[in-house]
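Per-chain numbering from 1; labels A, B, C and D assigned in written order.
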Amino acid sequence: MTRVTVWNEYRHELQEERIREIYPAGIHNQIASFLIAAGMEVGTATLDEPEHGLTQEVLDRTDVLIWWGHMAHGEVSDEIVNRVHDRVLKGMGLVVLHSGHMSKIFMKLMGTSCDLKWRDAGEKERIWVMNPSHPIAEGIGEYIDLEREEMYGTHFDVPAPDEQIFVGWFEGGNVFPSGLTYRRGSGKIFYFQPGHEAYPIYYHPDIQRVIVNGVRWCEPTPRAYPVYGHSEALEPIKGGAVLL
Amino acid sequence: MTRVTVWNEYRHELQEERIREIYPAGIHNQIASFLIAAGMEVGTATLDEPEHGLTQEVLDRTDVLIWWGHMAHGEVSDEIVNRVHDRVLKGMGLVVLHSGHMSKIFMKLMGTSCDLKWRDAGEKERIWVMNPSHPIAEGIGEYIDLEREEMYGTHFDVPAPDEQIFVGWFEGGNVFPSGLTYRRGSGKIFYFQPGHEAYPIYYHPDIQRVIVNGVRWCEPTPRAYPVYGHSEALEPIKGGAVLL
Amino acid sequence: MTRVTVWNEYRHELQEERIREIYPAGIHNQIASFLIAAGMEVGTATLDEPEHGLTQEVLDRTDVLIWWGHMAHGEVSDEIVNRVHDRVLKGMGLVVLHSGHMSKIFMKLMGTSCDLKWRDAGEKERIWVMNPSHPIAEGIGEYIDLEREEMYGTHFDVPAPDEQIFVGWFEGGNVFPSGLTYRRGSGKIFYFQPGHEAYPIYYHPDIQRVIVNGVRWCEPTPRAYPVYGHSEALEPIKGGAVLL
Amino acid sequence: MTRVTVWNEYRHELQEERIREIYPAGIHNQIASFLIAAGMEVGTATLDEPEHGLTQEVLDRTDVLIWWGHMAHGEVSDEIVNRVHDRVLKGMGLVVLHSGHMSKIFMKLMGTSCDLKWRDAGEKERIWVMNPSHPIAEGIGEYIDLEREEMYGTHFDVPAPDEQIFVGWFEGGNVFPSGLTYRRGSGKIFYFQPGHEAYPIYYHPDIQRVIVNGVRWCEPTPRAYPVYGHSEALEPIKGGAVLL
């Protein structure tokens, strides 16, 4: 049984009435609800808990971590970011949602600015499947329509992904690489763009399906962590002259 | 004319007689010499200069930076690393050589541990071309033989490269992805594994040719830096009901 | 000096008055004109010439072949397709434009159906740059606007590209991976979507610039063709017991 | 339950005593045995059966096809190759083993010559894992040692893979990209190099494990096949002036 921890900044819901109406128990609990329904073992963690709810113990028993953050990226402590980073390199999966693109952990894993164009104009987004055989697109039709979503537009300053699963079309004239996979160390990462807090995106069945699929894709692969460092020869070495 | 800055830690050559014999003027000056011969405008910079020789001014007039470091990665100041990082994302090319794989700048750009297996046993390496149409392999035969090189072995904990140009075969039974390209932000990066300080690797004509090719491949592409941040709509937005 | 051959089916222009008005000398001559202006040595070839104008001699002195075809893909002889295919694998560059996506040569190189969605509704396309450091995007702004273009929409049934340079946004709600690079054998391939015959696309300065850049990117890399087949050992083989 | 069809040319085993001793029931039955032990539903098919054992009916109920061929690639009928090709593009997985690299079906899917260097000198191969988080490497250590294997050496004339899982080190001084994944159409493909008929490779537990993992990775993703062809607009089109 996949063990998921859903991390949420959990500020918009507490500070803004209109967001709380959409997610009365917080974005994390809404996400947790459909992961549980999919048969996963799910915990949650939020910014204002001690250690942001991400103790070593919690991370050690987490197969896949989901990350939603936005207005308070700077309040996440570097120590916790390093702890999560280390766990990803050791094999923990990571699903980064929406505005998590500028979280410390995603930026650290990508090595780039992770910047993009944005606009909150309540416009339509149509998310097209680009990779029809990918398990993250399982059960999804040709596209997902969101009547209102914040626009995220290219150029998105991230490395070329290992796989591009989705591209978003926005009513206002932009496009965005909306679903991307990356392998970093022994861990797998899925970035998925939808989920502005002001729209009920995480109630959409197809968005839920993609996140469930993404968690499954990110599950750790059971094998021993690679051995790094000094390594004895496996075959005899003659030793040449010091010549080129 | 491509403007190159060759950065070298420059410690082994000063501290160890046997290394100084190979590179009397330092690795940086040996590398500079063949880049100059290839028609480039070349400066050098070393760790113990003020600001490690990498002032903003120097970086601003650098098209491609070459990085060789090994024993003193930890002495490179974070401020300079951030300055170089910013320049790469803005378009400066970066060629990282050999033990530079564990430099702060490379690790920051990769987002991973950049760890590997290693062994200094004076063994033979044969570097095979994997990508025959790539300009970095221009003028190179099927492989390059190094009679003695430090072994670097897989698993190399870096992201999957955009392009794999070379794979190294080692006498002692290991393999290594010896030539890799990455795009990060608006900059291009080439990692090239050969160059242990104790062997005269940078005198080898084919190694020189690959580095010259790599510098050319990393040259900035002349175009305006992308505009990030808030962005007005390019097309009219009807505005939908707040429904999914 | 890069030697380019521009191949055009050259039927629409002869059969349809409205197309001939746009390209009185044929699409091939319009493309040739701006390649010549960019300093290239350019020849043309068309379907109804003997051997479609693509004799072995012509191909042997071609660095980069440009391909525009649409209504008569089936009339291209398999023998000529095989001849072009062989030249690409041996190093000749290939730029495939617009409806060339269903040409025999492109399908043979891709190994897939190369099918897509399409619609000719005179709608707007906005072609976004996805890869800001790529030389094919040199001199291009954030996007190229085409007031009217045929819609090509995802899913585009081609392999994941080596590099995705452009993504097109279409007014009617579709997206398309509009600029893609591939390496096949020792040759380089650039697919570029714009160019429906009914609109004066190849008069657009940015479209011309991309095609010029694409030709340069596709130029053969000077090195010996790899040696395939039986190969003697480069190192002594002890010969083990026939055990695993 | 995954339904696998193991296709084998089945000539070496019938014609050569020393091969028959290794695989008395044919390579296909040895491969089938460990797939069955892994809980899969397995059928076999061979060259000399009517339609090579690959009727439309057989293919329609096959989730993943395994292909082993060598001396008689030319005897496989183009009709059957086209039938298999169509099924792969429609979603059937394909695992191509060893000398299947020159099979008609693999060449058609790759679009290249699929040529390589080779030598049968009974030398040692060490297959290194390059992609530690990939499910195809599940349960495998850092490398797999084969005491004797035919050498396959780079350059391997195939497209850059979507993922490189393994690289082989050969005693005689060569390297080879020994495990590669590709997506083509709606199907997934895994190429795995080990399996020269003269050595008992398919009895090796790790080789078996990789093939089982590979079959699982290649399983079809349940979703509707994309719709290609003419497509109505999803959003209103204003229709611009015929200007650029």
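Things worth noting here:
The rule is simple: contacts are C-beta pairs under 8 Å (C-beta built on N, C-alpha and C of every residue); 3 or more make two chains touch, one makes a residue touch a chain.
Since the model is a prediction, treat every value here as computed from it, not as a measurement.
Listing every chain that touches chain C and chain D alike gives A, B. Averaged Cα coordinates give chain B a centre that lies 32 Å from the centre of chain C. Between chain A and chain B, the centres computed from C-alpha atoms are 29 Å apart.
Averaged Cα coordinates give chain B a centre that lies 36 Å from the centre of chain D.
For chain A, the set of residues that touch two or more other chains comprises 124, 126, 129, 131-132, 142, 153, 155, 160, 162-163, 171, 173-174, 183, 185, 226-227, 234-235. Taken pairwise by the contact criterion, the protein chains are fully connected, each one touching every other. Within the complex formed with chain A, the chain B residues making contact are 89, 108-113, 115-119, 121-124, 146-148, 151, 153, 155, 157, 159-160, 162, 171-174, 182-185, 199-201, 203-204, 226-235, 237-244. Looking at the complex, you find that chain C touches chain A at residues 126, 128-132, 142, 153-155, 160, 163-164, 167-170, 173-175, 177. Listing the residues of chain C that touch chain B in their complex gives 91, 126, 129, 131-135, 137-142, 162-163, 171, 183, 185-188, 220-227, 234-235.
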